[in-house]
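Each of the two complexes below includes subunit A, the first together with subunit B, the second together with subunit C.
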Partner chain A sequence: MKKNYLKKALSVFIASAVAVSLCGCSSGKGSEQTTAAQTEEKTTAAVSQAGTDAQETGQDVVNHAVREGFPITDEEITLVVGVPAVNAAYEAKWEDYTWIKELEQTTGVKLEFRVYNGGEDVSLMFASRDYPDISFKVGSTKQIQDAALGGDIYPLNDLIDEWSPNWKKLFSENDMARRLVTFDDGNIYSLPQIRDEPSNSDLRDQWLINKVWLDELGLDVPTTTEEYYNALKAFKDNAGRGSIPENVIPLYIVRIFQNVGGAMDIFGSFGVRTCANGTVTVSDDGKIEYNYASDDMVEPLLYLRRLFEEGLIPYDCLTASGENYTTMTLSEPAVVGSYFAYHNAHPDVYTAIPPLDSGNGKKPMIRSQTNWIVQNCFTIYSNCKYPEVAMRLADTIADPDWSVQSLYGTFSDGYTVKNDDGTYLIIGAEDEKVGQSAPVVRVPQLLSRETADKLIYDENSNQGVRAAAVKNVYKDYSIPKKNLYLDIQLTTEQTDRVSELLKDLNDCRNTTVDNWMLNGGIEEGWDDYVSQMKNLGLEEYLSILQEAYDDFNSK
Partner chain B sequence: MKRRKRSASDRVFMIVNHMIAFFFLIGCLYPLWFVVIASVSDPSLVTSGQVFLWPKKINLIGYQTMLEQKEIWIGYKNTILYTAVGTAYNLCLTIPAAYALSVRTLPFRRFFNMFFLVTMFIGGGMIPTYLLIKNLRLINTFWVMVIPGGVGAWNLILCRNFFTENIPLELKDATRIDGGSEFAIFFRVVLPLSKAILAVMLLFFAVGHWNSFRSALLYIRDTDRYPLPLVLRNLLMKSTVTDDLSSSGISMNRLLGMQGLKYCVIIVASLPVLVLYPFIQKYFVKGVMVGSVKG
Partner chain C sequence: MQLKRHWQLYVFLIPAVVSMAVFHYGPMYGLILAFKDYKPYLGYLGSPWVGFKNFMRFFQSNRFTQVMSNTMILSAYSMIASFPLPIVLAVCLNYVPSVRLKKTVQNITYAPHFVSTVVVVSMLNIFFARDYGLVNNIREMLGLERILYMGSTTAFRHLYVWSGVWQGVGWSSVIYFSSLSAIDETLHDVAQVDGASIIQRIRYIDLPMLKPTIVTLLILRTGDLLSVGFDKVYLMQNSLNSPVSEVISTYTYSMGIGSQQYGYSVAIGMFESVVNLIMVLTVNQISKKLSETSVW
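Then we have the complex of A and B:
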């Protein structure tokens, strides 16, 4: 009897618990929706209220935002800023960057940082709708799109027009940028980061070869794929002689299709167009192309296989991690004969070579980057009470002085100098601690081409060496902007489908090519590979992107 | 006493047995050994796979870099605080609750037992829990690392079983006859007899707090409040080359310097727990086995 009673009590308890939790969910949702709506009402009310205040007092202050000059507010305001995590190499805390301190001082806005470490806590932020006031580089296009649909994000169009001359100017001059950040409903929900700097975006990786060893062996800098092969072979054959160590690695790559330090520029030498920050490229007549399954790939793959087979690339490279790459390529004394890297950290040892002539009659090319624009870098959430102040803050960051300093270190710390003629001297980080002065690429900079042209790099700095290589070595080879597929906004369904397809395609491509590198059989297996890629939906993938691309161009 | 003579098959069995055990031992010890030798070897040799059994090019650069990293020490301090306060709080809640549940005369005893048991099967889920924590205004505070999860149902049951089975009713009766109150029974009789389970709980909760990074990842936004495991995680996950990083003015040499660091941090982070274990171990087996055999 007693047991029965208990059982009943328990079942009642569980049932009621479930019921309560269900009610909790639904009422929670309801209340959230109303709060979202309410905040919207509230904020518009606040804006108009502030507007009338300003009219009454006759000052040009709206909701504590001062229209011109500094500080940008009439009283100290705190904005909560969501930011990406402090990286091991970006050493200082957000609060401690000289650049941030100076920004706070100048604008009169106190910044309070909420650090997001990665996918999980960012998803949680969007799912729980617990937003900061503004965020830098937090959230994907899809997350922002969804949150905007839910009314959680301020549309920025009017704010830009009224409060941000810098961004207004950019969007009126650079139509491409404007269209890229404008959502389907005609609103801009997030400002991008613009870094239209040739020394960055016109090239992905420099192709580096050990000049000291070439000189020791009496070889010229290779210009064709055959000469390159011979040079690598000579490195290997002369292991242990001169400054070439016993355990020499003639060519080091980080897997085949890795963006940083991968082998894709070898394909470029054979005239296969590849892209740094994406999978597809655009042909000259506006067709989206996926070149990893085009027949032109057979030749470079055979070449690559030959390098693997003869031990010129270690098989370890197929599974190498970024860490392996850093330690191998930077080791002193050098053990690597040739590699691909953004910076040439030892310009006294390595020299940059242009993409090689393969002799197949096609023009060699080298990858450039689409990251002259990076989307979703500045968002104002609807719980922000001072959107006007936030926009003026964004405008301040977009100012050339502030943008240059944020990227290369502050004037006051001696990393950059502003000359009287308006040019900037980038001294570069001798002590390698620029990461303690400025947040580098994690704030919404606006570095237009106009500003970028005013940058003068110290020729001994990493960026200076790169800038020189871009200008002198790679200028004629880098893949032009029009052939790059930018991050065009897709609809939610398209985004889901594309990432699904892309995952399968990449898996198939990577395993097949890795297998070929290990065991050969490229020519025999090629047709199978191509038909497998088709079965996995390559055409559907391309047609989605093509559709989005055509839509985008007709806008 | 003369040793019993073993048959041939027994001996073969023992040899094979020992060999298998030995391989397991190697399998368990080698990763630890590797971390130790990797922490003092040249990082470039470690990542290129040349450090295998013995350290090569011994240096202490990793430890030196670590001493310079402010956030590691802040994390260390935070973790010690979270662990100390959190464990004390856990014990204060769990031990009395477990004792109360072990008293047979407690009204609604079965209901309370069920009440705790249910939490083992039904959790709130990530987002509702986050919203709860947020509404309690615990986000980004010291207390978020301490207060939630004060009582673990599993540990509670373990303690309850210990009390039920190891504390004879007669002892309590004797205390009552001597004029002791219920509190006297708990503090002066039961607790001194329960050192084994207290030690085990201490270790369970302390190790849990020491290693916990998930709640910090979700609820802590201020780097000054990061516990060591989160600092360590960021160090491990983010010292790799990303597109973002390589496009910045950050020198790759800087990254290289960070490579040796992680093994040193692993050692420093696990040292306190390694030191704690041997002292508590003698209670450990006794405490954990409680309730496994009904007698």
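Then we have the complex of A and C:
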């Protein structure tokens, strides 16, 4: 009797639980449908409303979007913008940037921000299909591909043609950019960020060495790998003398294959072509190459091992984090003799040196970056009621004035100045200060080469120092664009396979190389390593990328 | 009849049952993703079925054996090291005559439980750093060679497990304290009158009284054999120790969540749960046979 009751009670509970959860989903769907329907109604209403407005004012207005001039809407509307998180340590909140406030004021569009803290938040957004109206720099190609297949994203082609002269111009002039952002079905679902600025993309890291110490020791700036080794050794041998501290670190790197501050440029000195994120490059005859398993690597690895073995690079570097790197390299007074960094924060102490001559007859080179274009930076979702306004907003951001200010701080905050001849003076400031004024690289800028050529950097600013180094030191060494593998679209199946293979390959490479740095054994272990990489699917990985690359070039 | 008579009891049961149903049974329909090639725009039901493809992919992947054995070893080691110590701590403290000392020790051993994992791992990083870490400084004073602990495959498991013990021993002993305090004082009095030593009292009174608690916790603990917590391993992981530190949870994270392969991650998660379930059932049966204590 009792048992029966319990059983029944339990089954009722389970049944109701199932029912509840089912209701949960179906009601969710239902409300979605109604909102979609409502949206449509509203849109048509809005369009007809706008139509009458236009008749009254004689202006060309479609769905609240004004075709020319500012504000870009005929009444204040709000767009919900999905954005990546800022670094709260030194950057303002999205709604507090001067640049954003001015953008809102000029365009008449109120922006409401929805911040995504990293990949998980973004994945959740795409998985739950709970979208903002538009987004800046949110989502991967795979996510956007999938969402587009589900009809969740506006194709932008017609909107660009009609509402965005800036982007239309770019795509007609820059065929590479157009092909990179066009999906398989011929549509553009997301605008890129364009920053065709040599001081940024022609170089990844400056190779810095402590000039003060070199002078104290009476050494010349090293030009060959042997001289460099001797300089590092001299730093170590003279620890505690002059301004060289007792606990000197001759060379600081943050792991080997780290994009920022890693040791990959040492490979470049031996003529091994590497790229910023440490994966593949393209050979001169168009073959995709993964150089970290090529025999050319043995020589630079032996060199690097020697630096570790003699204590010129601390072993802690193999497990270092980005924070360790910042603390060590920026410490005052200096404790690091040499390191790799995007900015030279202390140009009075450190000087940028070109990649070194290894004496093996190969031309030394240094990494450059593919980030003159970054895909998936401006997306309009199908629940957005005002796609025309959104596109005009994107067009406004793409305007040179707005793009320059978004990167380097606003005119009004005094970080940038627009000269009468159309050039821009980049006064520059510490990252912390600009981070209060503008969202830097988190919005879909359009900084074409034409605009970039008009930038004049204050020579004492970080970017100014970098620009000078790129121009004077690294110009002949930076790896040309044609040798870089751009982020070409793959099918979702290919993306999945590639990410799996790449994880295995990179893990194997990192573990093996790091172990060699710690314990030696490079020459003995090399063949094993190469065959292990083959077993892990190196060839399959390369052939997938090669196929995509060939397809892309034949388009 | 019974239901009516004891209706108050059933009312008390409702919140627990509802929360179980909503938060544990409800989401289980998501498990069908393990058998599907999930696309958000096609939904749970609309995505195409792929059978056991996701499972096969995991079993056949390059990393399967490595990831499985790492997980099992780490988990088993952690269990063996961290399970008995709270019992020892609780029993020992139980015999400390000074209440003040007892409380102090208790507080000190609880405290680390409230330190967040990120902080614990940072502490490990600092104490065990090769060139300036405390431990290596001591080694150098003793004339020993400096060791890169954080990048060592042999040190990883010890660091992981013993920092976990340090963090958890006080907290886990709470439940044993409460069981010990429930033991009838007269038993101890009688034993003392009979001239039993402290060791004998532990052996014949405390441990037998603790046995049901110990066995129950042990059974539940084996149910987690394949679930090594994610965050600490992930934070401690680097390329040098990854041959031993890549466990199921970190692998799922980087393959599944990181690159949005939901079906694949769910399949791995489901595999993990099934193994855990089998473990619990087996251990439960064994314990039923051997000690007549079991969870159900």
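Heads up, the rule we're going with is that the second predicted complex is superposed on the first by the 502 of 555 C-alpha atoms of A that agree within 3 Å, B and C clash if a C-alpha of one lies under 4 Å from a C-alpha of the other, contacts with A are read in each partner's own complex, and residues count from 1 in each chain.
One rule holds for everything that comes next: contacts are C-beta pairs under 8 Å (C-beta built on N, C-alpha and C of every residue); 3 or more make two chains touch, one makes a residue touch a chain.
These numbers come from a predicted model, not from an experiment.
Subunit B and subunit C, once both complexes are superposed via subunit A, clash. In the overlay built on the shared chain, the residue A:Asn510 is in contact with subunit C alone; subunit B does not reach it.
In the superposed pair of complexes, A:Ser331 makes contact with subunit B only, with no contact to subunit C.
Judged by the touch definition given at the top, the superposed model places A:Tyr303 against neither subunit B nor subunit C. Between subunit B and subunit C, the partner in contact with more residues of subunit A is B. In the superposition on chain A, no contact is made by A:Tyr485 with either subunit B or subunit C.
In the superposed model, A:Ala127 lies in contact with both subunit B and subunit C. In the superposed pair of complexes, A:Tyr189 makes contact with neither subunit B nor subunit C.
In the superposition on chain A, contact of A:Tyr228 is made with neither subunit B nor subunit C.
Once both structures are laid onto chain A, the subunit B stretch out of 111-119, 165-173 or 201-209 that overlaps subunit C is 111-119. Shared interface residues of subunit A (contacting subunit B in one complex, subunit C in the other): 9, 13-14, 17, 24, 120, 127-128, 316, 321. Here subunit A touches subunit C in the complex through residues 1-2, 5, 9, 13-14, 16-18, 20-21, 24-25, 119-120, 123, 126-129, 140, 142-143, 146-147, 149-152, 247, 255, 314-316, 318-319, 321, 495-496, 499-500, 503-504, 507, 510-511, 514-515, 518, 535-537, going by the rule given at the top.
By the touch criterion given at the top, residues 6, 9-10, 13-14, 17, 24, 28, 85-90, 93-94, 113-118, 120-121, 124, 127-128, 130, 200, 254, 259-261, 277, 316, 321-331, 335, 341-343, 345, 369, 371, 407-409, 428-429, 432-435, 440-442, 462-463 of subunit A touch subunit B in their complex. Listing the residues of subunit B that touch subunit A in their complex gives 43-44, 46-49, 71, 110-111, 114, 118, 122, 126-128, 130-131, 134, 139-140, 217-218, 221-224, 230, 233-235, 237-256, 258-259, 261. By the touch rule above, subunit C contacts subunit A in their complex via residues 1-3, 10, 17-18, 21-22, 25-26, 29, 39-42, 44, 61-63, 125, 129-132, 148, 150-151, 238-240, 242-243, 246, 254-255, 257-262, 264.
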